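As written, the chain order gives the labels A, B, C and D, with residue 1 at the start of each chain.
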């Protein structure tokens, strides 16, 4: 049973990263390979604010989130907007380049060492039937799900959120109706970075922060988004949780060396059976 | 030539086509008309194998071609053009036309790489030139594709389809987006093709165009055949009028 | 066009070598997953070379250091080794950090006839013996034996192992399995984790179901700290033992309370001040430690010690033999009783490591610091 | 039929010969050899992405499979290395066929994920099947490379072999590029819909291309293994596949020279940056970003433009 609890913990992080992927995918049609780097930056920012500048937590978190929005917007302005021929493959590669730059800068700024962020709430172990979770893990799950819910509310209720959804459905139509698509895309990167930084902040006490962390978490988030069906909001969340549980499950029943192979094998099988992911809709092909 | 028997298809409860039956006679021009959403393009896609019909069958030259994959249907001798242009901008006009040749002739890749069949490729060049002359696009052959007007691109697609020597040519809204001058050229071209023995089946909105060309007209509405016959017969059919008037009202 | 330009540039670079000084090459993995082994090695070597040059060099000649990052990629180590030998014309090479990278260049060392002093631990580096390849890091089996002797005296027989899926974990696992057989211990669970795994509870749950007396975790980087935390979270009743891969203050900082009571084999350097005054290692270790910590403002790590030993050995050999590579090898093989950070080195023609199991001592983490478990 | 660009082929040949004549330093020669291996892999990637529109992030796996199969079969069954490489290449082609059969039905990002997943799975197996591969510590017992009884050893001899292999590959690539096959693939890339309705069995074509490319990549991998004399899984992981992607993009997709130029530049670049270690990653990323942002057709596109301008002047 333990694998379910630990799976949900890591899965909720994958879910947040997958949401970041989905938001950018829906507004630009590309996969942002730097999404994982946002998570790493989140950890680094909170470390800097808390441990180096000694800012109290209730101030540090909003500052980090604000910085996240700025980073996301700059990301769009510097990398995405400038691309001369913004076709899919160029945009994807530019995000790979951006990820390399961010990782390189993080190494220069924060060094190669793993950094430790102390827990935000007192450490305790909470027992569940057949396993246990730490208070920090519970915080991760709670914050992730809360973030996902508030984001879905934002998309459903606010007018800005509605403009976002209009962009998902039809960019041309949205721009005709007065939605500034460029503006929305910029905000999409802002929100994606925001989500990444939230993930980075909540996980930092459990997983520590190293400048190379972004690669794996990005990859897993991508896998989660695909598993759930690219562009599908709750699909991303479900994909993340499922991936986390798969990983824990395989680690607990198989020789653990093979666990990653089996997690990916499951994703492959899902794709073979449902080429658009578990909850993805087949796009009507315009013939 | 082409026989549609009781073809039906549903999309998530919506009946897009319901028991559609009609014939496309040999060496004729048949037009499929009907208001938007009547299921014309759906039928085209079923014929060419992109959609699988739920019931019914399609016969081509007395061969059952129902639910064959698209490339097999092409091999039987059915070529088509598209509503949305499918030309490759980075390739030249003759290069774009190659698509019609490749699928038809299926030349040997190895021979082509080692340049062992140059006489064949010379004949291909000739065929392409001939076809460009036929469709009137030869003077554009050295221009970039993205500099060409829409009408030329449509002819390019037509030329590509003709290159495969089809028995049946499906045209998806050939006149859409063309000016009157271009339409006239097109009418001339389609007539020429018919005289060469190619059966033509088209989806078209432009009634002038249909009236000038079509030997037979089939009218679809809400997925059903509401009328078939010559243009004159159709024109006075009350259901057709209702369907179109209803359409214009909306 | 660009290719021609490139070749032109390569040619300009190719002709820029001179032969005035002792030329020392070094390959460390300063980026990539093994970076926190490679960094202290790099810094130590830089510090020592600078100091030596300040004090007049070796035999009056300065040392020029050529150092490259292998990024933990074996193919990169190979490339950079050829660069050191063929472009920089070095007399000897220290490194690489990782076993895999060392094995990747083992045959090149022989081909180019350049002495190589590896800082990695795998036994395969010196076995089969290659005339030009030396190893200053103690073998994994020495560390494993030290742990197993300890477990035996405590009467523990059922052991679970949890190893990293990298070269370090892999060669550790080999040693753990083979030595367990020799010493009659039962391996009841054999699990693995990846360097970037951030949750090990699944593996640990599986391990705890087998009721081992002790769990041995073999890895480097932040992952073992997570193992320690998860171990505590699951309240497993067994002794947790780590490898020398965590022998840096960073580990205690990361694992926090969860580090308490963990036992690990490590070099004496970690507890330099706590060694009895009678220990012949003490003064030299304390000196190195103080110097390193004052220069770089961070705690010393035993991995830096490898670079220290390697440099001292090569320096000794250069002093007596000069630059001639054959003489250099011979003189290194003759080094005995050199007191290094990891023990007393006794090289010979047949032993290119020169250390035994006493290279390691067992250390326990108590109150956030290293304590000597036995001397 | 397009004319074969003999000037291009001749230039490549000239560069290869000049490299041998001018570069005596084994280090630089080794960098060029690495560059040639990368160039073949990046070109193969280019055939997939730039011609056929298949985005495969698992090419590193095929490279690795070729390398491992070639050395394992030779070491354990006493097969001569050149035969072993051919066998590895064949095996990899078959494997690509089997993997491609379900995978190539996917499109776009889903295909990217599936191939990436395949790469990860192979990577795990390379690490875990230690009894075959030597695990993460790598495979050591690589035989000396012999070709028709001649032993090939050392940078200089290997350069001749790898350069010849590379040249044969480039000639084949050029012949392919100028044959109708290149158009067929480009039609598939541009519009699967149109290609299908023009009688192209796109699935079969994609599958064969994918398998053939995997076989070439594996062949390359086999030779690489014998050149390197040591292989370990890290050389064939996801990062390598991404590197191939960046090489192809920086060089320019959809042309013969693209992968070659990209591989040449990105293999050489880090060698000039060793002095600035800490900033290497940032600069590498910046170089990539600037190329993609300002040179949408890649570096080879830029050269073509310059050459084209000079020619028209």
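What we mean here is this: a contact is a pair of C-beta atoms (placed from the backbone, for glycine too) under 8 Å apart; a residue touches a chain by one contact, two chains touch by 3 or more.
Computed from a prediction, not measured in an experiment: that's the story for all the values here.
Asks: Going only through chains that touch each other, what is the minimum step count from subunit B to subunit C?
Replies: 2
Asks: Relative to subunit D, which chain's C-alpha centre is the most remote?
Replies: The most distant chain relative to subunit D turns out to be B.
Asks: Please indicate the chain closest to the centre of the assembly, with centres calculated from CA atoms only.
Replies: Smallest centre-to-centre distance to the global C-alpha mean: chain D.
Asks: Which integer distance in Å separates the CA centroid of subunit B from that of subunit D?
Replies: 41
Asks: Measuring centre to centre with CA averages, how many angstrom lie between subunit A and subunit C?
Replies: Those two chain centres are 36 Å apart.
Asks: Give, as an integer number of Å, the spacing between the C-alpha centres of subunit D and subunit A.
Replies: 31
Asks: Which subunit A residues sit where two or more other chains touch them?
Replies: 107, 255, 257, 260, 287
Asks: Please set out, as single numbers or ranges, the residues of subunit C touching at least two other chains.
Replies: In subunit C, residues 30-31, 165 touch at least two other chains, as defined above.
Asks: Give the residues of subunit B touching no fewer than two other chains, as numbers and ranges.
Replies: Within subunit B, the residues that touch at least two other chains are 50, 82.
Asks: For the complex, give me every residue of subunit D touching subunit A.
Replies: By the definition above, subunit D touches subunit A via 49, 55, 102-103, 105-110, 112-114, 116-118, 120-121, 124-125, 127-128, 193, 238, 242, 245-246, 249, 253, 278-286, 288-289, 292-297.
Asks: Touching residues of subunit C toward subunit D in the complex: what are they?
Replies: Those in contact with subunit D are residues 1-4, 6-7, 9-11, 13-14, 30-31, 68-69, 72-75, 78-80, 82-83, 85-87, 99-100, 103-108, 111, 122, 124, 165-167, 169-171.
Asks: Given the complex with subunit A, which residues does subunit C contribute to the contact?
Replies: 30-33, 35-36, 39, 165, 190-194, 196, 198-199, 201-203, 205-206, 221-222, 225-226, 229, 233-235, 250, 253-254, 256-257
Asks: For subunit A, which residues count as touching subunit C in their complex?
Replies: Contact set of subunit A toward subunit C: 2-3, 5-7, 9-10, 107, 112-114, 116, 118, 123, 125, 131-134, 203, 206-208, 210, 212-213, 215-216, 247-249, 251-252, 255-257, 259-260.
Asks: Would you tell me which residues of subunit B are touching subunit D in their complex?
Replies: 48-50, 69-71, 73-75, 79-80, 82, 86, 88, 90-91, 95, 98-104, 106-107, 109, 112-115, 118, 121, 125, 160, 164
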